[in-house]
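Sharing a structure with you now.
Just so it is clear, A, B, C and D label the chains in written order, and each chain counts residues from 1 on its own.
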Amino acid sequence: MSETRARVLAALREQRIETASWAFGNSGTRFKVFAQEGVPRNPYEKIADAATVHRFTGVAPTVALHIPWDKVDDYADLAAYAKERGVALGAINANVFQDDDFKLGSVTHPSPAVRAKALAHLVECVDIMDATGSRDLKLWFSDGTNYPGQDNVRARQDRLASALSAVYDRLGDQQRMLLEYKLFEPAFYMTDVPDWGTAYAHCLSLGDRAQVVIDTGHHAPGTNIEFIVAFLLRAGKLGGFDFNSRFYADDDLMVGAADPFQLFRIMCEIVSADALAPAAGIAFMLDQCHNIEPKIQAVIRSVLNVQEATAKALLVDAAALDAAQRAGDVLEANEVLMDAYQTDVRPMLRELRADMGLDPDPVGAFKRSGYLESVTSARVGGSAAGWGA
Amino acid sequence: MSETRARVLAALREQRIETASWAFGNSGTRFKVFAQEGVPRNPYEKIADAATVHRFTGVAPTVALHIPWDKVDDYADLAAYAKERGVALGAINANVFQDDDFKLGSVTHPSPAVRAKALAHLVECVDIMDATGSRDLKLWFSDGTNYPGQDNVRARQDRLASALSAVYDRLGDQQRMLLEYKLFEPAFYMTDVPDWGTAYAHCLSLGDRAQVVIDTGHHAPGTNIEFIVAFLLRAGKLGGFDFNSRFYADDDLMVGAADPFQLFRIMCEIVSADALAPAAGIAFMLDQCHNIEPKIQAVIRSVLNVQEATAKALLVDAAALDAAQRAGDVLEANEVLMDAYQTDVRPMLRELRADMGLDPDPVGAFKRSGYLESVTSARVGGSAAGWGA
Amino acid sequence: MSETRARVLAALREQRIETASWAFGNSGTRFKVFAQEGVPRNPYEKIADAATVHRFTGVAPTVALHIPWDKVDDYADLAAYAKERGVALGAINANVFQDDDFKLGSVTHPSPAVRAKALAHLVECVDIMDATGSRDLKLWFSDGTNYPGQDNVRARQDRLASALSAVYDRLGDQQRMLLEYKLFEPAFYMTDVPDWGTAYAHCLSLGDRAQVVIDTGHHAPGTNIEFIVAFLLRAGKLGGFDFNSRFYADDDLMVGAADPFQLFRIMCEIVSADALAPAAGIAFMLDQCHNIEPKIQAVIRSVLNVQEATAKALLVDAAALDAAQRAGDVLEANEVLMDAYQTDVRPMLRELRADMGLDPDPVGAFKRSGYLESVTSARVGGSAAGWGA
Amino acid sequence: MSETRARVLAALREQRIETASWAFGNSGTRFKVFAQEGVPRNPYEKIADAATVHRFTGVAPTVALHIPWDKVDDYADLAAYAKERGVALGAINANVFQDDDFKLGSVTHPSPAVRAKALAHLVECVDIMDATGSRDLKLWFSDGTNYPGQDNVRARQDRLASALSAVYDRLGDQQRMLLEYKLFEPAFYMTDVPDWGTAYAHCLSLGDRAQVVIDTGHHAPGTNIEFIVAFLLRAGKLGGFDFNSRFYADDDLMVGAADPFQLFRIMCEIVSADALAPAAGIAFMLDQCHNIEPKIQAVIRSVLNVQEATAKALLVDAAALDAAQRAGDVLEANEVLMDAYQTDVRPMLRELRADMGLDPDPVGAFKRSGYLESVTSARVGGSAAGWGA
């Protein structure tokens, strides 16, 4: 047990979770965006918030950017600012869904001119990656149609393949393309990359540096996400996660909030494939909206939720599990898994934090730190960052 | 057959579909609102658009208002303006979801002060009904919670019951409360009125003038909506419909666009319960978003979709259906229904329109009318109406 | 904390979970029933298995019967046999879905003769209740239709209401009717009692002794079951549960196996309404299929899963939760709930069992007891009990 | 228009729909199989029924077999019998889900011995194909797990790949493997081939003669099936369909009964990819259960439903659709599609049948033929065919 514990603690110490700059800005539903106080007004302030999350959790050392929301004149300066605060810039997220031209699509739009504009943006994102030193380009397309007949499904796939290929060719040797899929919204009849199969097929055609990213909120009801994780790991095509959680659709709630057991099962597949360590190349990213709850605290909570699920996954007795599985002992195999899940890992994590020189209670420490009060009084005037606007 | 035809045509001539003022304004998803040209800038212009829909379809003589989006100083003037253009003001829709105070709820909010504010708005809506002569107050609550534990489910029901009761007491003898339900969005863990059962239970407690309104987009996957229609009709508790259509969640697409067969089955329950005529008191309302398609034309198309489904439902051979059902002849009973559904009713509807002095082709006539071009050039400056903003 | 612990342990000691006789017989899917060894061949042997579950768990003192599967000549003898083994007979479950006459329905069938036959069976079940001393008659109707038009939805509701009323009138003063609902299967277009709203409306019409039973596997995707629990508790109309769990449809897996967090949330509503104790009158019943796993062990595991979820629900700090909720502190309120959920209650439960004179490890003790081996060799010949056939 | 009509009629005349032998046998749900009169008792009688369907519809000239349900000593004799009655033997469907050994899986079972047994069955099916001259081997695996942890997801994929490869190698040059996927049932936590992506990935690894078959009932709620059709056609990996329809899960109702608009959209993708004609190599097969309705009549109705949807799809004005799509005219493009869908194609189909020397009304003609009465009196004694048992 002591050996297990040492192994688990070592793995947890090495774990890396990437936060998202946009999680700190205002967000909402189509019905209303409820503004919060102290929200950052520019990329620098977002990075300051992300650094705060890392300061209290110790496992969130990078922050993803969203272009054009996080465009700055000098990315080296932004990177230096981040470094100063203890974090680094992470994945670059393209945005081809908020320009008026993209009403009927971006790279799959029927008009060649609009497609060219979208492609130019994607290429610009790679330029920015060169400047920031980011490894990953994350692509999500809102492209799709709302009505049967609206556009030609196959023609749109051709256009998509063509754009992806152009972007792929532009990537540097150390850069990757992470292709995301989403069943619906904002398109309501069909999206051009609705499921992992579509993303996988395109990535396969593109080459080794194209991989699938799984947003845990982007599936049809009943989808077994950990199966997809296992399948893509086996195929060498899992690039990473956009973590969040959902009860209904793409609810974008805090990861682990809706179904902590599912999160645990996902992390079990990761652990069993030895894909947790940064060297395995899986990007563990948060992509969530904190519409009604305080944002920084919510991100801290989310990081902890991933960490707790990981700790439980690491505790699974792999040998006992394997033995029960081979013996066809259904109940025993399930029991081995559940034994790890039912374990309260919080004491161990508190100890880990103490070892790492952190406060054992990140949420409490953040609250006591006065950071939120401080930014709330400092960030007056200007306009709060949000989704695009 | 001639007798059937006469009966069907008479019923179709009497049919009434209510349009919604907000369908003519800009709308979108949380990701982006794509602005359209010629969009109305005030309630008067919305009514002008609604009147245009009625001018070409002949079956959409009323238009619902949304408060505060359609607040004006002088409702008598607005009503007179509508009358001049051939339409009348319809249901009043309350809005307790776009004020910053309502972040955690309106009538179910934990704070009594917020609840009081919400209630005051609802009462104001009844005041407006008095001014407009509207019969129906339509209530949809975005109230709910995003996280387990966030608030007390039962306490929120108590608060809801209390608010509904206060509003109900304020209604005049000829006024009704129509209570809407919605499974999710913008609340993602629980909504306070998630399903017809909840709405029904509250309406039952309130009294005869409280009835359930069915928004066709507000159900869990797999829900049989026509069952709910039939059940509520049997119980005398169906107040009306908010029509739209969905593939996934509350997509708010044009009614009949996603599943025309479902719309037909709904109208079959209406027809078989003899609830189509205005005297039956069922309000047939549209509640949709036209995010990417031209709005007025989309509303015309929606009215036609309801009309076509109704025509098919009226064609069902009720005696043959009843005989097959009683005989337990599964395939014959289904065949009787499908026979009506497979019928192309468009020729009959063109004839009906000609008889009513309308162009047989409402969409074509609207396009040829130059109305859209005219408002596009006239409605320059000011700010386009939209959801709330 | 010591006071909390005492309260929690006292509540857990009082908890009662009812097992189901049919869980011990063979079951399967439409594709195949995989037979297991040692399966009971008659009601007496089922009761012996149920008693074994109680012997090792201490909280499953009653067993539900299914008629006609568990018909015997002398119910007093059966009850005496149960008593001898430390358990009592529980709810009587009617079965109107396995007779050839019920192909198109039972109490809602178009034919009056078939309806009469179905009603006679229901009345016979009450006769049996008189003989067994059972309090609860559990009614689930497979009635419904497969094709649109197949039968008249409203007429079927009338027939249903009429049958329910006749059965209700037959009940003794101390007897209850528990009405179950199910979204689909075996009927695939419409079921006659598809949701809690329908069951609730009928129970309301019938009277105080008619209550709704929630089968946790019978809902549309995305349904918030704990909301229904809370609503029905508030309305005084929750009669009990048929526990099981599901990933997709009515999977009938072991309760707590698919979504343990959901089970916890359900038990939280029970605890917060003070409805856990037997005096509250809620029947906590298991209704599951053990198609591929050993049955007795699976039932023990299921009882433990309910017990563990209950223990966690009892640990929720109600005062802290209430304070956070009233303050609108979304994250704190959620945290209070999660704190209880994340607690490992297994040590406390082991201690409870030791106090009750039980083996702290029911599954291990059962395995070591040799019971399964013993019945496997004893129950040779005869035909194994199963679903009806 | 006359040219269009000629083109449409020619295409419809060439259309081929394959019936399934097992559709004529008894089937049911896990709750009950309701036996019907006149049901075939052996493969010869099933073929007689299938030939009857072809006799009245003219477009169902082949019938699929299910092994071992349709095992005979002399397949040449069976084929000759079919030919005599005007039909031919079609796809061979393997069955590795009804042997007691397959409780925990067949080709993915943890035990090598069970896997070998399953593989032997698959190879035997190819032997039978050699004897029957069948082109297609259809593989559906019930393999999967019911509980998290029960078995190793990745190991099962390895075993699956290995078995598929062995079978693929055994295929003759003119033979194909059609791999089916299914989200759930009878496995309830995970199936080993849950979605098209998994089937596609395996087929891609195997080679050109491995293709995906789409069972229209095997998807998660909200899945856009026509997208999958279009995607697989573009990738050259669509092998065929198992047609049926569903409201909830794998309901296996008559194709077109639940959502005729969806069936139309699927056929639109087929037509627009020029994949309707037999030369395109897509197998259009029925795979349904007729649990409560007369079987032969239900199969006729199903064939007609596919035919009607095809006729509508053929009527789509492709040039107008393309123009509207390129112009980004959302409503016009949708209107072009809907115009075809709303057309009543039954008169045209009646004419087609008359031209083909058939009764214009296949259902009526079948009823008048006395065939059902004749087999009902002839097929007395013996045991009715059903699902496996």
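Keep this in mind: a contact is a pair of C-beta atoms (placed from the backbone, for glycine too) under 8 Å apart; a residue touches a chain by one contact, two chains touch by 3 or more.
Quantities reported herein were computed from a predicted structural model and do not represent experimental measurements.
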item	value
Chain pair with more C-beta contacts, A-B versus B-D	A-B
Separation of subunit A from subunit B, taking each centre as the mean of its C-alpha atoms, in whole Å	38
Touching two or more other chains - residues of subunit A	104, 146-148, 183-184, 189, 221-222, 224, 247-248, 257, 261, 292-293, 330-331, 334-335
Topology of the chain contact graph, where touching chains are joined (line, ring, star, complete, other)	complete
Subunit D-touching residues of subunit A, taken from the complex the two chains share	104, 110-111, 146-155, 157-158, 183-184, 189-190, 194-198, 200-201, 204, 219-224, 226-227, 230-231, 233-235, 261, 265, 269, 272-273, 321-322, 324-328, 330-331, 333-338
Residues of subunit A that touch subunit C when the two form their complex	221-222, 224, 247-248, 257, 259-261, 292-294, 297-298, 301, 308, 330-331, 334-335, 341-344, 346, 363
Sites on subunit C touched by subunit D in the complex	27-32, 34-35, 97-98, 100, 102-104, 142, 146-148, 183-186, 188-189, 221, 246-249, 251, 253-254, 257-258, 291-293, 387-388
